[in-house]
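Chain lettering (A, B and C) follows the sequence in which the chains are written, and residue indices restart at 1 in each chain.
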Amino acid sequence: MKPRSSGFYIGIIVSIILGFGIVAGIALGLRSDAGLGSESGVLQATKTGPNSATLNLATYPDSHVCHPDNSPEQAIWVTYCAGNNGVVNQIELPPNSLITVNISQYDSGTALINDYFAQVRGTSATLDGKPFSNISDVSQISKTTTGHTFSSDPGHTFTIQSVPDSSNPIFVSVPLIGVSSTAPASVNVNGNMYPMPNVISFQFRTGPAGMTYLWHCYDPCGDTQYGRNPPFGFSGPMWTLGYMAGTMTVTNY
Amino acid sequence: MSENVMTETTTGAGRPSLRQQLFPSMVSGIIVGVIGAAVLGIIVGVATQGKNPDATVAAIYTGWVIFFFVGIGAFGDVLKWGFARREPTHAEEQQLAGKGGGLWRYFRWTTDHKVVGMQYLATALFLFFVGSMGAFMIRLEQSRPGAIFFPPSTYNTIVGMHGIIMIVASVIMVSGPFGNFVVPIMIGARDMAFPRLNALSYWLLFVDIPIIITTIFLGGFQTGWTGYAPLAVQELTPGMDAYCFFIIIFAISTTVGAMNLITTVLVLRTRGMTWGRLPILVWGVLLSVVLSLMAFPFFMISQIMVVMDRIFQTSFFEAAYGGNNWVYEHLFWFFGHPEVYVILLPALAIAAEVTAVFSRKGIFGRRMLVGSLVTISILSAIVWGHHLYFSGSNTPLDAPFMLDTELISIPTGFFFLAMIGTFWRGKIWVTVPILFVVGVLINFVIGGITGIYLADLPTDEILHGGMFVTAHFHFTLVGTAVFGFFAGVYYWFPKMVGKQLNPFLGRLHFWLFMIGFNGTFLSLFYAGLIGEPRWSANIAPPFVTPNTIASLFAILIAASVFVMVYNVIITLRSGEPALANPWGGKTLEWTVPTPVPLENFEELPVVTSTPYDYGTPVSHPSDVEGSLEEQLSLQPRTPPQPQPES
Amino acid sequence: MSEANIEGNAGSTSPAVQEPDHFRRVMTAWVVFSIVGIVIWAFLAPVILPQGASNLEGIDDFTITLLTALAIPVAMFVFVFLAYSLLFFRTNDRPTEDAVPLKPRPGLQIGWLGITSLLCLFLFIYGMVAFYQETSAAPTPNTLIVRVTAQQWLWSFDYPQYSISSQSQVIELPVNRPVQFIVTSEDVLHGFSIRALGVRIDANPGEMTSTPVVTPTAIGNYTVNCVELCGLLHSYMWEAVNVVDQSSFNSWITSQGGHP
């Protein structure tokens, strides 16, 4: 075996370290590419008591409010946001609480492809004396502001599902009744004009801390070219985090 | 490497100027290609008013490919000789083959099969490196539960890119470098049958690589490497088109290369090189490209149909408008199954070649081995239905597909018999190539046996679509085929590059790779047995432990990749020049000097026996020792005079 | 091919040394390792394979156990011969002379062909019989029918015989009653798979596919997951399968709004 300089062995170590550096660099580069999958900030539900909290969300027919600096292709993507602005990809909720969710729905309706989602599922307790569980007449749960109009179809659904093998599964699905497509644009949100929203409220309970859930919309929407034709437009905004899907974590804060 | 180039005999013209070397070359090809892509993209984008991003992207890729070939001077031949209606002179052909071209000839439209072989080797190693980066991302994400490092959409794109880049790399890894460089010399030819098509097949691959890289900037694709419709049709972002075009161009490249190789082996064998004396590598490569000629058109057409569904809103695969996704599955897997044998056969052939040389013994049951390779090829064309057992399509055909899938185990068993018989009572010289062959055999046993589990209907019922499948195909494609490729790299590197790769680093590479690979994928077999599905961005709690162990072992695989890169770099920079026949091989490529002269042989050799007639005492003094000067002399030696046939 | 007809003391460097009977040694090693391997597998198999919960899954698990037990001698054959060759036939440096080729033995090749063919035939027949046993049961009026609708990225379940749909991400099944799943998809390909019950079938848009009739045999909580890549949340597409006794099943049906 011919004698080798120590430089030879140092070279081996250096190339391995350099190699892992390249791996790390590629990982960071891919993570920062927003086009592949967007990450965003955290929205915490507002605590209203030791065991209750309120979550206010809005759904918009485009992303002007939530992603103001989007490209024109992505500007038409429907988005869920917190209140009037702020992207909500990751929602945090307190444990063992009754969560009241108010969603301001600015978007018009599109027929569901799977009737399963026409029913309210998994909600609990009552609001204003009305029982909410398993109500099949969706319009009963709409609490609207004056001057509302609504279509017979949901604009979206707000569906919370459990991650695999969760020890405390939650399943909540609420159809969000759509605004009529002929409603006039009369509300100004951050400089964008929308029709009067339908505000839908419901409640559900969280379990112990440390659990993660997913929330997602199950009513495929979008314009006729990409959204409605089979295979039913679960593309684009419907499968990019930060628009109509995200995570929900139960944690102490 | 430049000193090897300078010793080539050149007469007449001196070194061309830099301008002559740059234009036309890869550089001008890229420039013209980018311009052409932009022009076509703008034209189509304006014509469709930006409403059909898939069409714009398709136009960009088409412009890139066509104008790259304009820029690299590929069409120059058509103009010079096609329209002028004359044959090129011998001097012009030598010019095209890169005579006196220096290092730049590797970056130009060069027809010399040795140059094309080196280009393929560099590209294959590059693709493996990029693909393995994807693999490390995957193992990073799968090391902890939850989608923590990457969002699931990014993860799906990484999985898809890792898969398709590795598949393409392993299809070309043996037929490209060794099929081009070694096979023509092995059969005693001066070049391939169609030298210009040879350059075309390589540059089509080169031009293809930026296409798949651009998917990262177009939103990625979510279907994994199989590109299943209707998911492939559903994508809003045009990243999926990158995948489709990658396949379409690659299919053209392999078809061109396949035609070239088949014609070369059929027609250009030297005198005395009968079919019965053909080295096993040539058989392996030939069978592989015949299979690919049959299979790749189906891959190509499936992607063309997906592209048509995306751009022109046809509905081949959309049920609501009369299409059917089973059509895609059948088209894809009719290609997909022979394709893995396209990958496997040449690597098994390398294993057989290397074993004979390093056991100093003829291949045991050589004719049986060739027969088994032929049988595997034929059978592989009729087994695709085992990927569709649980698709719901054609369930009455499940039984016949199970039968012929399990039948493949019989010729595979013959391969093992031949290998064991060659090792048995040989004089085994344990070098890096033979280490990789041992790895091939061990991994192939595991890979082949687990294939039976998947072929059998009652077990596939609980294993289909799970990590067991992933571990099985990694054992066969990586553990067998890629290990065979590396055996070939360490074996033929002295002949192709003129320097021998450092054996210490080679052994380190082998052990890190072998231990890391087995640790990773044996853990994933277990994960699959307990039910983990494939393509899991999110690892569910029951599967965390085997995945974490697999990711830890993958660190060893990563280290082995970097060790190999280091080995290649220091060998190229400061390796010692190699002997013309450092291993004592008997195939024809070891009888020509290193570096190999432009036309390979001064006089075409006449062959009188197979290259496996070991069993005679030392047949040629310079096989054992020989001065460096003797080995480096440009005078080719005739093959040893064999005993009369008994 | 010139082959010397040498046997016996092939490869010996000194004629006076008695050459060990390599073949007998390696065959002994093979038998020993195979037996040890099979014994180890016999202890490992119940630990590694998850507990089955249906008649089908029992057959599938048993097939895996049997195939592995058969595979161990096959694998050991290659490993032992390879290891033996590398240990005893290696040269320390580059060899100075060639090895002597083995005598051609057509009997060995034919025998090998025969044994591998028999093994292959056995595997095929066993697989066919096992699969026929699993899939030949036809649905009877007693069979529970569950309609599964897959969409990105949720399963929804209907029980048409009770006119209900499952209100949450749960399939509830009564123990010891045959059940058949009829599966379709709303959008793209999904793979419906319940590992513990041993059923798996793709969900295709525009088509109805069905699993074989399966009878859950053990009460417990299992999972259904998706095994065909379907986009962003493919790996989150899991739901629960609860196998309960008949009375719990009936109360569940009532709670979902149906009549048992």
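Heads up, the rule we're going with is that a contact is a pair of C-beta atoms (placed from the backbone, for glycine too) under 8 Å apart; a residue touches a chain by one contact, two chains touch by 3 or more.
Source: prediction; values computed, not measured.
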Chain with minimal offset from the mean of all protein Cα atoms: B
Chain pair with the most C-beta contacts: B-C
Averaged-CA centre spacing for the pair subunit B and subunit A, given as whole angstrom: 43
Centroid distance [mean C-alpha coordinates] between subunit C and subunit A, Å: 39
Between subunit B and subunit C, centroid-to-centroid distance (C-alpha), Å: 30
Sites on subunit C at which at least two other chains make contact: 187-188, 205, 223, 225, 231-233, 235-236, 238
Shared interface positions of subunit A, touching two or more other chains: 163-165, 230-232, 234, 239-241
Shared-contact residues (touching 2 or more other chains) in subunit B: 152-153, 222, 230-231, 234, 318-320, 538, 540
Residue numbers on subunit B that touch subunit A, as the complex places them: 51, 53, 133, 136-137, 140, 146, 149-154, 157-158, 216-220, 222, 230-231, 233-237, 313, 318-321, 504-505, 508, 538, 540-542, 558-559, 561-563, 565-566, 569-570
Contact footprint of subunit A on subunit C as seen in their complex: 149, 151-154, 156, 165, 167-169, 186-188, 205, 223, 225, 231-233, 235-236, 238, 240, 257
Contact set on subunit B toward subunit C in their complex: 147, 152-153, 156, 222-224, 226, 228, 230-231, 234, 318-320, 324-326, 359-362, 364-366, 368, 390-392, 398-399, 402-403, 406-407, 409-410, 413-414, 416-417, 420-421, 423-430, 438, 441-442, 445-446, 449, 452-453, 456-459, 461-462, 464-466, 526, 529-531, 533-540, 584, 609-610, 612-619, 624, 642-646
Residue ranges of subunit A touching subunit C (in the complex, touch as defined): 113-114, 116, 121-122, 134, 159, 161-165, 169, 171, 214, 216, 218, 220, 230-232, 234, 238-241, 245
Residues on subunit C engaged by subunit B in the complex (per definition of touch): 1-4, 10-11, 22, 48-50, 56-57, 59-61, 63-64, 67, 71, 74-75, 78-79, 81-82, 85-86, 89-91, 93-102, 108-109, 112-113, 116-117, 119-120, 123-124, 127-128, 130-131, 134, 187-189, 191, 193, 195-196, 198-202, 204-207, 209, 223, 225-236, 238
